[in-house]
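In the two complexes that follow, chain A is the common piece, with chain B as its partner first and chain C second.
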Partner chain A sequence: MSSTASVDNNIWMKAVMYAGVIAVIGLVSYGALAVGAGGYFHHEYEENKEMYEEAKANGEDYSEFKEDKEAAHLQYLNFKVGGTAILYMCIVYAAFLGVGGFINSTQPNEEHHDDHDDHHEHHGSFSPIIFALGVMLFLMGFPEFVDTVTPLINGEGGGASGALLSTIGLVVIVAAVGNWWREDLPFNGEGEQIATSWPFEGQDVRKVGLWVFIMSEIMVFASFFSSYLRMRTEWCTDWAIRAEMGECADVALGTVVTASDLLRYDLGKLMPGAINTFALIISSYTIVLALKTAKSKYTEDNPFKAPKLLPFLKDKKSAVRFYLLATFLLGSMFIVLKLIEWSHLIHEGFTIQSPQGSIFYIATGAHGLHVFVGLLVMLYMIFKADTIEFDEDNGQGIEYFGLYWHFVDLAWVAIFPAFYLY
Partner chain B sequence: MKTRGILIVLALALTLLATPQFTAMPTGIGSAGNDGCSCHGGASDLTEIVVIGLPESFNASEVYEFSMTIEAQDFPRAAEDSGRLGGYRILATASDGSSGGLVEVIPSDLGHEMDGGLTHTSDGNMQRSWNFTWTAPADDSVTVTMRIYGNAVNGGDGSGGDHWNQEILNIGGINASGTSAPPLTILMTAILLAIIIIGLGVLWNFYQRDPESFSMQNFWSYLKPWLSTTDHKEVGIMYFLFGMFFFLVGGLLALLFRIQLALPENDFLSYDEYNSFFTLHGTTMIFLAAMPMIAGFMNYILPLQIGAYDLAFPRINALGLWILVFSTPLIFTGVWTGEAADITWVMYPPYSSLNNFGDLGNNPGTTAFIAGILMLGASSTLSGVNFITTVFTLRARGVDLMKMPLFTWSVFVSVFMLYVSLPAFVVGVAFLMLDHTMAAQFYTFGGDPLLFQHLFWFFGHPEVYVVVIPAFGIVSEVLATSARRSIFGYKSMVFAMAGIGVVGFVVWGHHMLTSGMSPFWRSLFMVTTMLVAVPTGAKIFNWIWTLQGGSIKLQSHTMWSLGFLITFTLGGLSGMFFPVAGLDIHFHDSYFVVAHFHYVFIGGIIFALFSGTYYWFPKATGKKMDERLGLWHFLIGFTSYNAAFWPMHALGIQGMPRRTHTYLAETGWAEYNMTITIFAIIFGLSQLIFVWNIIKSASKGDKVENDPWGGWSLEWSTTSPPPTPSFAEMPTLRVDTSRHHGDEDKAGFVENLVKGKEVGN
Partner chain C sequence: MGEHQSKMEIMIQNTFKMDVYAFSFVVLMVFTVIEVAAVFLGEDMSLYTVWAILIGVGIIKAYFIAAWFMHLQTDPRTYFWTSMFPFIFVALMMWGIGLSNPNAVSSLPAWCTPNYDIIGIMP
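Presenting the complex of A and B:
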């Protein structure tokens, strides 16, 4: 648009370093949780299983062993799935930062021509066309991708060649997004578009755009809810049977099992969802703290006052970075807990291959995808907070991301009761 | 810059690397479409099917012996003792749809008949090589297609890790007429040729500019700005050209199946081809032709009319365009890999959502087609954000909401409708996609097929207004300018469009009147649907009143708009039959429906788009289109169009169903159908005049000033073509364009728009 801060593209090597750190964290977590702790509980499960089978064969009372066996298995699932989920997420994060950062660091720096002869040069961008190409490649290979990745996630192994086309698509998308990031990184608030007309005169155009976008998102989740409600009113759930509703009067209990039937009676199973609810609400608060800190006007007379015990809050830059990182970690925790919870449901035989499973996994999964996309954006924002810094002039970027993030939280607050408790 | 180029080349090279893996897939891209084989595990080229003994051509009723062997590289003789080694399935079909002869396995207890083919029994599961006999059909003038599937089993529990593959053999009878080029090939060749011609055309256009310094290096630096542009005018032009191209592709598809329908009991197209062609015709015309062409006008004209320097989010705008462009290979991919999607543009499950069992509706192209539709949804959402935000925030000083030109208003209303309704559609189609790829059960096996109809039509009905309302906007601009006065009843026009926008959301049930809906809802949807006629009627009267008393100047764009008035009114009248639930039961799925929506789609939208092209072409290129060619285009196009589509009403009343592959001679529909086909071809050919006119006028047309027609809105106050950014300084609109101005106000009107004094009422 107009002049922006001058940024050396070498700065992007920092993103590559981040990627390395994230990859190591992922591998260590996988080793500790999935292999270490998971292996321990798997061993325990096998032992209990042996004892259980022995007791069963000898005609003894085996109920205790059975409980132990089940408990050990669930613990095994917790650690195994948790560790694996962290590994996969870290791989995606690392790939996102690493590929994007590497490509950007190899780009030549933009030349600065300060000839102000009122000649508006038209700046194009290759991001759109590359991004669209990537989406096409990803979708072209999507069916094969699903077929290949599903056994991989289930730990059944098998060749990964089927996922090639989609993976290429994803890498192309990352390259396009990385390019977009490079174009955005120097943005320091100069040239922010301001609305010129009623009813938004004086507001940032980006802000209006985000609210309009959220309008579409509301319709997306409204579609999920209305589909769910339509399907649900047609099912003879236990609830409908007990209420002796119409056609359901003669149906046996347990004919239709919804996710909430499996989740709501057992606090242990409900826990991941319940924790997630609070994680998201807290993360909404931390993102606001990040915005508040970035936008606050600290001067030499009015320096940033942080508690001495908290070195990561020592100045504005560290504080913004910390709050963003906290939001990021809470969001990541949300995804991990969600996958653990899914693994328990799948263990109980509640898969996507039933109408109840379909709507549950896809509606909550679509929400999870929104969270995950938000996390990827946040990854870039943490990088920007660490390099260019957010301040009074460009801190609104956090605000606009925060709008999206609040919406995702709000959607969860509606999804949780509807799919977990109702 | 160099690195970027290298990266693009690398990405393309990787794509090329990836290509073999989907061409190597037995049924093309996607795991769906094992076409009658309940094969398990994944399709893989690690498994090979070797067939020995089948002849190249067959004699009638002769018996041939052949053998089939599965060679699995990755588990050569896995689990010898498990008793699970491999399986087969053989389907023989003749080219005319009759039986492809009888296939039997030796000994016969190794196989049994299932779903029209021969499949192994559990005894047949223990080996990887079988012997068969094939009794050729008695008719030796057909070509038999043998589909032979082999499934190599790794012996493990479950189906994980198993691999299957297929072999397809075409065996012609000795009297089979030489394999004529199937229409699919003709279509593909035509499209590829067209793409090459467009490429060469662009190259030639560039060469012509400066033959001296021509080099491929320079060509890239000419092409590069187009590929990376974010300017609303260039994006708009690309949208329009893209839409124009697919308008011709969709037309070609229509002509192919019109040829099929010209004669009773014709077999020019096979059933599958017919189904794919009308599916692709519908989808192409709505999503790839009409909407992109409208998007072209929206992009080009809207920022100019409100005095903005560009759209609110130029990069996102370009992203919308390119996602649209890259969705087309997915939508058409089935045509390349064998069988194209045949699920109609409405994609009703359960037919469209069956999976894994090789059922109908599970063509290889269908999954890719659905993925392409999802991309279209993404594209429209992105433009939606852009246009709504632009209209809200970037209007110049003085451009109040109630002073916006009607075209801008129409775009605003239409984008708003699209934007709010689209998510339901995208979610519905995503469910369909997941039914295909992840074996979810939204619509089949206990799922609810009607759910899709609700989600689809909640979008689908607003969608028809989404495309027609911008057409209203174009016609309003054109008629007012041609009558040399501003539009009559500006406010009522705005409220009429907004009214259609609101009522349009509560009428979707009239598409489902025959789906078993309760009488209460039927009558409710009946009333709301009829309500739509009220604002539409008000608009028609306003247009007529604008013309009344004006000194009309007949130009090409005027004539198309006048044509629009006639045909759209006729289409609107035939539309009033459908909301009446009783009548709808008779007319549902008949040619009367086809007649109705072609009258509103072509007679409404396409005519208005023609009109808009003639009208705004000088603004975009600085040159006028040829009026003489325009006249011929109108005369031939308008008459042949009416001659082609009017008889469809009669056919519908006589009971001819839509989407029918053929019909019997006794029905007496042959004459009408022949007439329709002849005039459809003439209508198709008349579009070539239009295309030629665009190409010719772009280089040789008469040069024009800022305001060749005497328009009444802000875009005429800037140069033709406008500069980039479109308004370097924000203009101020000083004249109330929403009031009714007559010809007497015209002197210096456009100049006064921006800087001048208030012109009297």
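Presenting the complex of A and C:
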């Protein structure tokens, strides 16, 4: 239970075991989706392409073959990109859990820094500066990173050497965050530091820190929106042309194509974005349920009762773990569907090289990155829920993570209509 | 997470027979359906109608997420003002950059464009 000061090394070895299971899930998914189903549809695409080219060369009606060819190619992209995305995500999940678990398991029990208390002094740390260095390296290498990753997303494969600088940046970021985490956050979630100065006196330091972080995040997303708005008001989109806005009256339809022009009137294409919207809302609710369950006090007079729809939940531990796992799976689905949607857009020629593509991919990509970072933290929380458990004393960890996750949902509330519907 | 129920939480509990989180979840789901359906089914809608629907639905959804899921309604007011502070900059960015002269990007002064030869030695 969370009341124990030290964490047994066997618990950390469990993380290594979970990492192995996740890696296997990634490989099986890749084999079944990308290689199996993807290979089948690629074969179908090649056949339809051959028939299409033959009919075209003979001057016959080729429209049906063309449609079949396109449909098969989109199916190929769905499975190829979906399977590949799951594999890469599982590799990162496994590395995160496996490496973290292994490093912790090799330390003597007394060095897990789980003996923090409320009187622990604040200390200086180099981690934020190292983190900033990592961000700088990542952004310096970002243009080449994009050029390298685009063909991978498009299902065309290719080398990954162009992504080196950004990858080094990412590794530095992960190392800095890991060290920062190790320095300040006890695994058992106890020893909350309390702010002593105005205007936050009496409040948990972590909660205050998270709100300050969210403040900075609001400004980051506002910069994406302001640049999008600036460009959007200048573009003569079909909507602006039909509304005869400004200088757009004499411009031909289709001159400027935005992502929303390609997505909003085609249910099949809009579906990934719409499903993702519902997925984020549901995941916001499941994290609320996890917090509510963790903070609830169950006694003999007031025992845990499983919800009617989820009769398999036996107790508080299984309920919190289930709600966190559901949030995690919904978030992972969000990333996979986003990458599939991107692959369809890139296939249609909507690339990051155009101004419309640039702002779309940067804004939705930055949001996706936030989701993915949240998923890594959530993986850690699921591990905690499965081992030392969350209760009314250490459940605030779920609350603070929930704040971040709800902010990600809030950002999507603005991104989805602006970039997908308008 | 607020320890005590606010008046609104009690009112929602009594009226809809569900807690405020479940109620917020239902509201968010319903308004997302409205948002998608309005744009998808209303292909001939004017630009201004679309703006009105998207902005209106966005405000409602943002309120329920921030007020209840993020506990701003029940947490100390300091958190509310903390969350409001960046909106000064958001307003400046939206108004000063987003909605300023759309041609300004193409009519920037030369010194503000890429590859400007600042010391006059470039060929």
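Keep in mind that, in the parts below, the second predicted complex is superposed on the first by the 320 of 422 C-alpha atoms of A that agree within 3 Å, B and C clash if a C-alpha of one lies under 4 Å from a C-alpha of the other, contacts with A are read in each partner's own complex, and residues count from 1 in each chain.
Here, contacts are C-beta pairs under 8 Å (C-beta built on N, C-alpha and C of every residue); 3 or more make two chains touch, one makes a residue touch a chain.
Nothing here was measured: the structure is a model prediction, and the numbers come from that model.
Of the two partner chains placed by superposition, chain B and chain C are both touched by A:199. In the overlay built on the shared chain, the residue A:421 is in contact with chain C alone; chain B does not reach it. Of the two partner chains placed around the shared chain by superposition, chain C is the only one that A:233 touches, whereas chain B remains out of contact.
When the two structures are aligned on the shared chain, A:219 is found in touch with chain B and with chain C.
When the shared chain is aligned, chain B comes close enough to touch A:358, but chain C does not.
Applying the stated contact rule after C-alpha superposition, one finds that A:14 touches neither chain B nor chain C. Chain A has more of its residues touched by B than by the other of chain B and chain C.
In the superposed model, A:295 makes contact with chain C only, not with chain B. In the superposition on chain A, A:165 contacts chain B only, with no contact to chain C. Of the two partner chains placed around the shared chain by superposition, chain C is the only one that A:270 touches, whereas chain B remains out of contact.
Overlaid on A, the two complexes show chain B and chain C touching the same residues of chain A, namely 199-200, 203, 208, 212, 215-216, 219, 222-223, 227, 230-231, 234. Of all residues in chain A, those touching chain C in their complex are 199-200, 203, 207-208, 211-212, 214-216, 218-219, 222-223, 225-231, 233-234, 239-240, 242-243, 245-246, 264-265, 267, 270, 274, 277-278, 281-282, 284-285, 288-289, 291-292, 295, 399, 402-403, 406-407, 409-410, 413-414, 416-418, 421-422.
Taken in their complex, chain B has these residues touching chain A: 1, 3-4, 7-8, 11, 14-15, 17-18, 21-22, 25, 29-32, 42, 44, 160-161, 224-225, 227-231, 312-313, 315-316, 318-319, 321-323, 325-327, 329-330, 333, 367-368, 371-372, 374-375, 378, 381, 384-386, 388-389, 392-397, 399-401, 419-424, 426-428, 430-431, 433-434, 436-442, 445-448, 451, 454-455, 724-725, 728, 730.
Across the complex, chain B is touched by residues 103, 106-108, 118, 120, 122-133, 135-137, 139-144, 146-148, 150-151, 156-159, 161-162, 164-165, 168, 171-172, 175, 180, 193, 195-200, 203, 205, 208-209, 212-213, 215-217, 219-220, 222-224, 227, 230-231, 234, 352-355, 357-359, 361-362 of chain A.
Across the complex, chain A is touched by residues 1, 21-22, 24-25, 28-29, 32, 35-36, 39-40, 43, 46-47, 50-51, 54, 57-58, 61-62, 65-66, 69-71, 76, 78-79, 82-83, 85-87, 89-90, 93-94, 97-100, 102-105 of chain C.
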